[in-house]
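In what follows, chain A forms one complex with chain B and a second complex with chain C.
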Partner chain A sequence: MEALWHALFAPGFFTSQPVRQAVLVGGVVPIVAGAVGVFTVLRGQSFAGHSLSALGTLGGSGAFLLGITPLWGILTCGFAVAGVMELAGTQRRRGRDVATGLVLSTALGVSALLLYLVTMSGSTTGVTVTLLFGSLFALSGITVPAMTLLALVCLAVLALLYRPLLLSSVSPELAAARGVRVRWLGLAFLLLLALAAALCSVAVGTILSTALLIGPAATALRLTRRPARAMVLAGLVGVVSTWIGVVLAYDSYLWPPAGKGWPVSFFVVAVILLCYLLAGFAPAARRGSGRAGPTGRAGEQPSSGPREPLTPARLR
Partner chain B sequence: MSGSTSGETSEHGAVLDIEGVSVWRGGRQILDEIGFALEPGEFTGLIGSNGAGKTTILRVVMGLLAPTQGRVLVEGKPLTRRHRSVGYVPQKLLIDPDAPVRARDLVGLGLDGHRVGWRMPSRERQRRTEEMLEAVDASRFADARVGELSGGEQQRVLIAHALVGRPRLLLADEPLANLDIRSGQEIVDLLARIAAEQQIAVLLSAHDMNPLLPVMDRVVYVAGGRVAAGTTDEVVRTEVLSRLYGHPVNVLHVDGRVLVVSGSHVTVDAGAVMDTGAGMDTGMDTGAGMDVGVDASVAAAERR
Partner chain C sequence: MFADAGMFANYMLNAWEVATIVAVVAPLVGFYVVLRGSSFVAHAVPEAAFAGAAGASLLGLNTLFGLGIFALGASLGIGAFGRRGRHDVVTALAMVLMLGMGSLFLSWSSEYAPEIYSLLFGEVLGVSSNEIGITAVLGAISLAALALLHRPLLLTSLMPEVAEARGVRGHRVEMAFLAVVALATTAAVPVVGALLMFSLMVGPPAAARCLVKNPLGTTALSVAIALAVVWGAIAASYQTDWPIGFFVTGFAFAAYVVAQLGRRLGTVRRRFVRAGAGANPAVTAGGVA
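Entry: the complex of A and B
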C-alpha cells in the first residue's frame, strides 16, 4: 500500500513549494477556463480564443525583455487585441478574416524577434520554452496570488452576465429583441476571454493555452445538455486533468532521462485529450436524447430540399 | 375572410399604433409614411415580397430601428428599447446541435434572459416555463438540445420563449420560410389560437398570404415601402393593390387561393398568363412561381 502511495506521489511531493503553487493555480485557472470555454464554444469563438493565446507570446516576451512579470504583458496584449478584434468585427466578415490572419502572423513574427532577443540576453535560455509551453512549477512570487485574484474577478463578472450572455450566445437576434446591448456584451465577453486565455497561457504556455480553454469545454458538451452544468463539468475536468498532470510531471523526475522532469503541460494536455475521448462513450453524447417517447414524429422531419431520386447513375 | 369590423381603428385598446412612419437609410427611403394599428386578439399578416420592407417594419416595432419620422405607440405609450410587451419569434436559430442549451433553458431565458445579476432559479420560473412548453405542445422535447430540434419544433420553442414573458404583441418574422407545408400550417394554427385565447395581437410576416387566409383577421400589405391595411376583403383587391404598387396588378381568386399577378398582360390567352408568372408577387422561389403560373392559366381558362 505504502509502496503504491510512493509510486504515485514521489517523495517530497507534499512538501515542495513549487508543487503547492502548481496545485493552487491548477485548482483555480481551469475553473475559469471551463466556464469561459463553454461560452467560447457556444459562440463559435474558439479561433478568437486561440488568436488571443498565440498573441500572448508577444506580450509575454515583451514583458520579459522589459523585466516585468510575463503575466502582465500577456494580459495587456490580450486586452488590446480583444479591442482591435471588436473594432474589426463591425466590418465585413471577409475583411475580418484577412485582418485577423494578418495581425496574427505579424504579431507572431515580432514575437520570434523578441524571443530571439530574450535568448541572446544571456542567462535565461529556458524562458522561450516556459513562455510557449508553460511551466506550472516555475511561477514567480506575485504571479500566483495575482492569477488567483484575476480568476475570481473573471468568475464574478461571468456570473453577473450569465443570462444575457447565454441568450445572446444562443441567438444575438433574440437577445437584441429583448433589449440586450449585444455589442457591448460581445466586447465584455471578448475581454473575459482575453483574461481567461492569459491565465491559461501562464499555466500551460501560450501555444497550449487553447487546449485548456477548449478541451474541457468540448468534453463537457459530450456529457451534459445543460449550460450551467456544462460550465461546472468543464471546470472539474480541467482541474482534475491539471492535477493529474502535476502529479505525473513530479513523478517524471525519476523517469528516464533521470534528473530532469518532463514538461507539465504535456501531461495536462494528454489527460485532457483522454477525457475528451472517454466522454465520447457517455450516453448523453448521443443525438436525440431528451425527448419523451419515440424520437421524432412523422411530418416533423426537417425538410432540407427535395430528395434526390435514385437514378441509375447514382446506383452505379 | 373574417367578420372583424375595421377600416377605422379605435385609438383606445390598440396594442400597436404606427402613425406616419418613414425610414431612410443610406439616402434611400425604405418606409414611406406607413400607418396601421393592431388590436388585441387579432391575427394580422404582414404580407409582401422580399425587400418590400417587412423586416424593417418589424425592426421598427421592436425598437431596434428608430424611424426617421412618425411615431410608434405600444399600448398607447411611445416605444422604448426595452419594451417588455413585445415578443419576437425569429425565422430560425443558427445553433450547433451539440450546444448545451435545452428547449426549456431557452424558454426560461424568455423570462429573464435580459437580466444582469445572479439569482437561483425559482419555482415560479420553472412553473411558467413548464406551462408555456405545454401550451405550445413542446413538452415532449423540452429536454432535447435546441440545436437538435426540427424546424417546426424549434418554432414552437421560439414561440414559447417569446410568450412566456406575457407580451401583448407577438411578432413573427417569416416563420413559414423554413418549414414544410404541414409544420407551417401547425404553426399558423397555433399562433391563431394563442392570439384568440390570450388576447394577444399577432403580427406574422410572410411573402405568401395563402397559408394564412383561413385564420388571418387583418392584413398589412407591403409593397415598395408603403402599406395597405385592413381585412383581406378590403385590401386584397385589384384596385387597392394596383394603387399600392403604383402599376396595374390583378387579384385572382382560384380554389380559395388568392393570387396577385402583374396585371398589364392578363388576357384570356393562357400563354400570355404564363408570362405574368414572372411578375407575380405571392411566391418568391421558382417552385411557387411555376405553381402560380399554372393556377393562373386555369383561372383564365375558367373565365373563358
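Entry: the complex of A and C
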C-alpha cells in the first residue's frame, strides 16, 4: 500500500510549494473554462476561442517586454482583440472565420516581433516556449489570488447572462424576436471568452489553452444534452484532468529520457483528449448524437464545415 | 529606400527563390480554403505540423519529413473524424493534441531556442539549394493536384446538391483537398513559420475576392498580392533585421483591410451613382441641404 502510494505520488509531492499552487489554480481555472467552453461549443465558436487564447501570446510577450505580470498583458490584449473581432465582422457567419484567422495571424506576427525584441534585449532566452506552452509549476504568487477573483467575476457574469445567452446560442432568430440584443450579447460573450481564455493561457500556455477551453466542454456535451449539467460536468472533467496532469508531471521527474520532467501542459492536454475519446463510447453519447434524434438537435449547431451549403449570395 | 544591392547577394538568392515558390502555391490553395470556409483547418494543420518538425529534429531526421507526416496525419484525421457535424471541435482537439506532443518533443530535445523560434515564426535565411528543390517539387505536386481537383472542388463548394446528383463524392474530394493543404503546408512552414502560415494562405485570396468576382481573376490577383507581400517582407526584414513573419502577416493584413475598404467604397459609389441617375434633383438638393 505504502509502495503504491509512493509510486503514485512521488516523494515531496504534498510539501512542494509549486505543486500546491498548481493544484489550486488547476481547481479554479477549469471550472470557468468548462462553463464558458460549453457555450463556445454550442455557438460553434471554437475558432474564436482558440484565437482569443492564442492571442494571449501577443499580450504575454508585450508584458515580458514591459516587465509586468503576463496575466495583465494577456487580459488587456484579449479584451482589445475581442473588440476588434467584433468590428472586423466576426458576427456574420460568412466571413467570420477568415476575419478571425487574419486577426489572429497578424497578432501572432506582432508577437513574433515582440518576442524577437525580448530575446534581443537578452534577459531571458526560453520566453517563447514558456509563453506558448506554459507551465503550471511556474506561476508567480501574485497571480493566483487575482486569477481566483477574475474566475469568480467571470462566473457571476455568466450566471447573469445565462438564459438570454443560451437562447441566442441555440436560435439567434428566436432570441432577436424576443427582444434580446443579439449583437451586444455576442460582444459580451466574446469578452467573457477572452477572460476565460486568458486564465487558461496562464495555466497551460497560450497555444495549448484551447484544450482546456474546448476539450472538457466537448466531452461533457457528448455525455449530456442539458447545458447546465454539461457545464458542471465540463468543470469536473477539466479539474480532474488538470490534477492528474499535475501528478503525472511531478512523477515524470523520475522518468526517462532526460530526468528533467515532462511538460505538465502535455499531460493535461493528453488526459483531456483521452476523456473526449472515452466519452465517445458512453451510451448517452450514441443516443444523443444519432442524427435523427429530435432531442439531440437542440444543441447541434450546424458546423461551419464544408458541407454547409453555400448559396451564391453568400460568396461575395 | 530598397536600393541596397546587398539584399540580392548570393546568400540571399535562395531566400528569394523559395519565398517566391511559396507565394505562388499558398494563395492558390488558400483560394479554395476561403471558398470552402475551412479556415480553421488551414490554421490548425500548420500548427500540427510544427510538432512533427520538433519530433524529426529529436530523431535527427530532416524536419521536412516530420512536417509532412504530421501535416498529413492531422489533416486526414480531421477529415475522417470530422465527417459528421462538429468539424470545428475535432479540428481544435486534433490541433492541441499535436501541439502538446510538440511541447513534449521540445522538452526532450536539446534544440536551441532560436531554432524553435524560427520554426514557429519563419526564417528565410539559411535555406539550402537542396531544400529549394524539395519545396519546388512539393509545390508542383500540390498545384497539379489542385488542377485535377479544380472542377469537383468548385462544384462541391458552390453547389453541393448538384455535385451529389452528378455522383461527385463530397467526402473523398474533401479528403483529397485536405491532403493538398498538408502538402502546401509542408512546403511553406519552413519559410513563413507554423503560426503565421495562415496569413499567406488566406490573406491574399480573401483580399482578392473583395475586388474581383470571377475565379480566374481572383486567383491571379491573389498570387500577385502574395508575391508583393512576400517580396516586400524579405526586403523589409533585410533592412530592419526584424523577423520576416512580422512583415508577412502585417502586409497580408494590410492588403485585406485595404481591399475591404475598397469594396465598401465601391458599393457606396455605385449606390450614389445609381441614386444620381434615378433621381438627380433630389440627391443634389439633399447634398446641398
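Everything below uses one rule, namely that the second predicted complex is superposed on the first by the 272 of 316 C-alpha atoms of A that agree within 3 Å, B and C clash if a C-alpha of one lies under 4 Å from a C-alpha of the other, contacts with A are read in each partner's own complex, and residues count from 1 in each chain.
Keep in mind that, in the parts below, contacts are C-beta pairs under 8 Å (C-beta built on N, C-alpha and C of every residue); 3 or more make two chains touch, one makes a residue touch a chain.
Treat the numbers as computed from the prediction; the structure is a model and nothing was measured.
By the touch criterion stated above, A:Gly101 is placed in contact with chain C alone, chain B being left untouched.
Contact with chain B, but none with chain C, is seen for A:Leu167 once the two complexes are overlaid on the shared chain.
In the superposition on chain A, A:Leu132 makes contact with chain C only, while chain B stays out of contact range. Looking at the shared chain after the overlay, A:Pro263 reaches chain C, while chain B stays out of its contact range. Put simply, more of the residues of chain A are touched by C, taking chain B and chain C as the two choices. Of the two partner chains, chain B is the only one that A:Leu42 touches; chain C does not reach it.
When the two complexes are superposed on chain A, the residues of chain A that touch both chain B and chain C are 41, 44, 289, 291, 300, 303.
By the touch criterion stated above, chain A contacts chain C in their complex at residues 41, 44, 46-47, 49-50, 54, 95, 97-98, 100-106, 108-110, 112-113, 115-116, 119, 125-126, 128-129, 132-133, 205, 207-208, 210-211, 214-215, 218, 257-258, 260-263, 265-266, 269-270, 273, 276, 289, 291, 300, 303-310, 312, 315-316.
Of all the residues in chain B, the ones that touch chain A in their complex are 62-64, 81-83, 86, 88, 90, 93-102, 105-106, 109, 112-118, 139-146, 148, 150-153, 158, 161, 179-180, 182-183. The residues of chain C lying in touch with chain A in their complex are 34-40, 42-43, 47, 82, 84-89, 91-93, 95-97, 99-104, 106-108, 113-114, 116-117, 120-122, 156-158, 160-161, 170, 174, 193, 195-196, 198-199, 202-203, 206, 209, 213, 242-243, 245-250, 252-253, 256.
By the touch criterion given at the top, residues 38, 41-42, 44, 159-164, 166-167, 170-171, 173-180, 220-222, 224-227, 229-230, 287-293, 296, 299-303 of chain A touch chain B in their complex.
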